[in-house]
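Lettered A, B, C, D and E in written order, each chain numbered from 1.
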Amino acid sequence: MDRIGVADTMFARYDMGAEAVDELEHCPLHGDRFEIRRRTVPGFKDLGVACKKLIVEEGCAIVVALAMPGRAAIDQVCAHEASQGIMLAQLLTGTHVLEVFVHENEEDDPALLAAVCVDRARKHARNAYWMLYEPEQLTRRAGQGIRQGYEDAGPIATPSL
Amino acid sequence: MDRIGVADTMFARYDMGAEAVDELEHCPLHGDRFEIRRRTVPGFKDLGVACKKLIVEEGCAIVVALAMPGRAAIDQVCAHEASQGIMLAQLLTGTHVLEVFVHENEEDDPALLAAVCVDRARKHARNAYWMLYEPEQLTRRAGQGIRQGYEDAGPIATPSL
Amino acid sequence: MDRIGVADTMFARYDMGAEAVDELEHCPLHGDRFEIRRRTVPGFKDLGVACKKLIVEEGCAIVVALAMPGRAAIDQVCAHEASQGIMLAQLLTGTHVLEVFVHENEEDDPALLAAVCVDRARKHARNAYWMLYEPEQLTRRAGQGIRQGYEDAGPIATPSL
Amino acid sequence: MDRIGVADTMFARYDMGAEAVDELEHCPLHGDRFEIRRRTVPGFKDLGVACKKLIVEEGCAIVVALAMPGRAAIDQVCAHEASQGIMLAQLLTGTHVLEVFVHENEEDDPALLAAVCVDRARKHARNAYWMLYEPEQLTRRAGQGIRQGYEDAGPIATPSL
Amino acid sequence: MDRIGVADTMFARYDMGAEAVDELEHCPLHGDRFEIRRRTVPGFKDLGVACKKLIVEEGCAIVVALAMPGRAAIDQVCAHEASQGIMLAQLLTGTHVLEVFVHENEEDDPALLAAVCVDRARKHARNAYWMLYEPEQLTRRAGQGIRQGYEDAGPIATPSL
């Protein structure tokens, strides 16, 4: 049985991990080809090693890492450090970790912010599933301006030569 | 016997390491399942390798790393470098290090700053304990806007679909 | 048979990967000495490990990694993180990855932006080919102010001694 | 016989390496328990690998790395890169390297700047000695606001609970 | 026979690699104790892995890496990334790489810019030679404010105690 990991934080103000888990549970091969492993850490700087542990210790073939950087300036620096940790986890293990960060300052309205959380968490959970079992779904959308959290930007036109 | 590491600095203006040690000594399994190893270094840029040594040489299963970046602009760059060192220590060892930094400019009033030090050091010491022995404490609080040093921010509401 | 990898994203708003593949298919040794492996990921932060997988798992001797960072400030930070991932992939594998990033804010006119995408993707695909099979093409152009996406800047004059 | 390394640069405008060497030569166990190895490189970006070589090739148990970043904006970026190299040297070898950087813009008066160089170089040389042979000297000063180059900042008061 | 590597780019607007090669060819032990290996890549972000290849695949004992970051803001970020790659190449191999970057915005006058290129490339080529065969040349100049590309800054006076 394959495993897909979900790593999230207590710091985030929306339970994005639960959204990712629910999305994965509704994927066609859940229970047949893969099961889910979840790990919650205090804050996003703890995600890097949590992802590495999900991969190395729990055998996850791919991980979705979810977090919500706060509004303060220092939070942006910390988000950068957290991203570097997730990047390092990927490169050291040779395994994809899809980073799902929703910055608290993306939306002032909590309802809109929560909607971004739901959409981004679910789309990236689906991306993780595709990367493992249907990679052609991604190639088909190459260069199409696909977004998570918001509507797709779409492609720009091919230059007339 | 497991070991939990505490790494701190001479540079910090409050003895956060002592707070973390005291909190850990009051955790249920102290003395039965785990003991504490402490290591003090000159400044926070020395914490990364100190944490690695606590993990690799002293066998710590998790480490709490405490520091107080100063008010100068250069201190912010150094804090970033220190964080990258702690991140690298985690990724290279596959072991969690909870970074407990209290920036001296978080509070102008020394009494308030000291209170932040106490609260953040103790809560993260408790987090370290939970991560080892009660991980469900963290999952239960996933996405709940949990903070250390200050009051919890709390969760935002689920969007009505 | 050697392999040249092409890694690209769904996020990009132009199918730069297709341009690189087409350029490589028109190189003299295509089909005789090398074949192409393509892998599409959600966004550019996923390129680092995708390149490592193309090198380690698929045996690519060189990779072209293509992406389009967006216009927002946060996109610049993410581009930096993505570049660091690609750098790490190169250094850990000892294999070249040519980074082909077209920043969406390089041109306001979509037609001009697309033209930059085409030119930069194709020139770097050709560079990858040269690095494998005709390295003297690069040495011959050392210090000549060669550009991709735009016209060459050209060399500055030798100082009269 | 243990070894303590001293790495410094031709770029620096004060011979901080000589100060560190002199301080170490006056430590109680010099000649009995440890000897000194010195290595000078062109600039501070060369210190990271110089430290690694002192540790791996020369068997140093700890290293003091001294440099003077210049006044230009680019020097600050280079100092950051140099620090990252020193950090990496530490993490890859599991060995402490005490970074002793005196920024040329810390003082306008050359006499004051030189005094900072002397004080910081000597105090960190002593710290290196303590870390190897008297680590309790550091723990005793944990959280006491200890500084190098300037007077100690001192501790802030414990909050009244 | 030892080998000294020279890595440079097509992007640079002056053939700094040729200057470094010429300087090395005029060093006393050229042809007797060492020979030169040169490798040209598209841009400076490709230098890190090029240096690693010169060291690991071609057996170079030291490398000189030359590049010219452009005038745009994005070029500064890329230069930082390129430097990090060169740093990583050094730390992973335990081998010195002397980074010779001439920023295009150091001089507005092309003739002056070219003169900086020549001076910096040649002095660092000589430094590489010294580091291998005459390291005492560097120690003798420790803390003397030595510069490449411009005149030496010189030392500041020793503080009167």
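Here is the rule we go by: a residue touches a chain if its C-beta (ideal position, glycine included) is under 8 Å from a C-beta of that chain, and two chains touch if they have at least 3 such contacts.
Predicted, not measured: the structure shown is a model, and the values here were computed from it.
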item: Chains touching both subunit B and subunit C, listed by label; value: A
item: Those chains which touch subunit E and also touch subunit B; value: D
item: Chain hops separating subunit D from subunit C, counting only touching neighbours; value: 2
item: Angle, in degrees to the nearest 5, of the Cα rotation that carries subunit A onto subunit E; value: 145
item: Rounded Å distance between subunit A and subunit C, as computed from the means of their C-alpha atoms; value: 25
item: Distance between the centres, which are taken as Cα means, of subunit D and subunit A, whole angstrom; value: 41
item: Two or more partner chains touched - positions in subunit A; value: 84, 88
item: Sequence of chains encountered when the ring is traversed from subunit D in the direction of subunit E; value: D, E, C, A, B
item: Touching residues on subunit C, where the partner in the complex is subunit E; value: 76, 80, 83-84, 87-88, 90-91, 94-99, 103, 124, 127, 131, 135, 138-139, 141-148, 153-160
item: Interfacial residue positions of subunit A with respect to subunit B in the complex; value: 8-18, 38-42, 45-46, 48-50, 52-53, 56-57, 70, 74, 77-78, 81, 84-85, 88-89, 92, 110-111, 113-115, 118
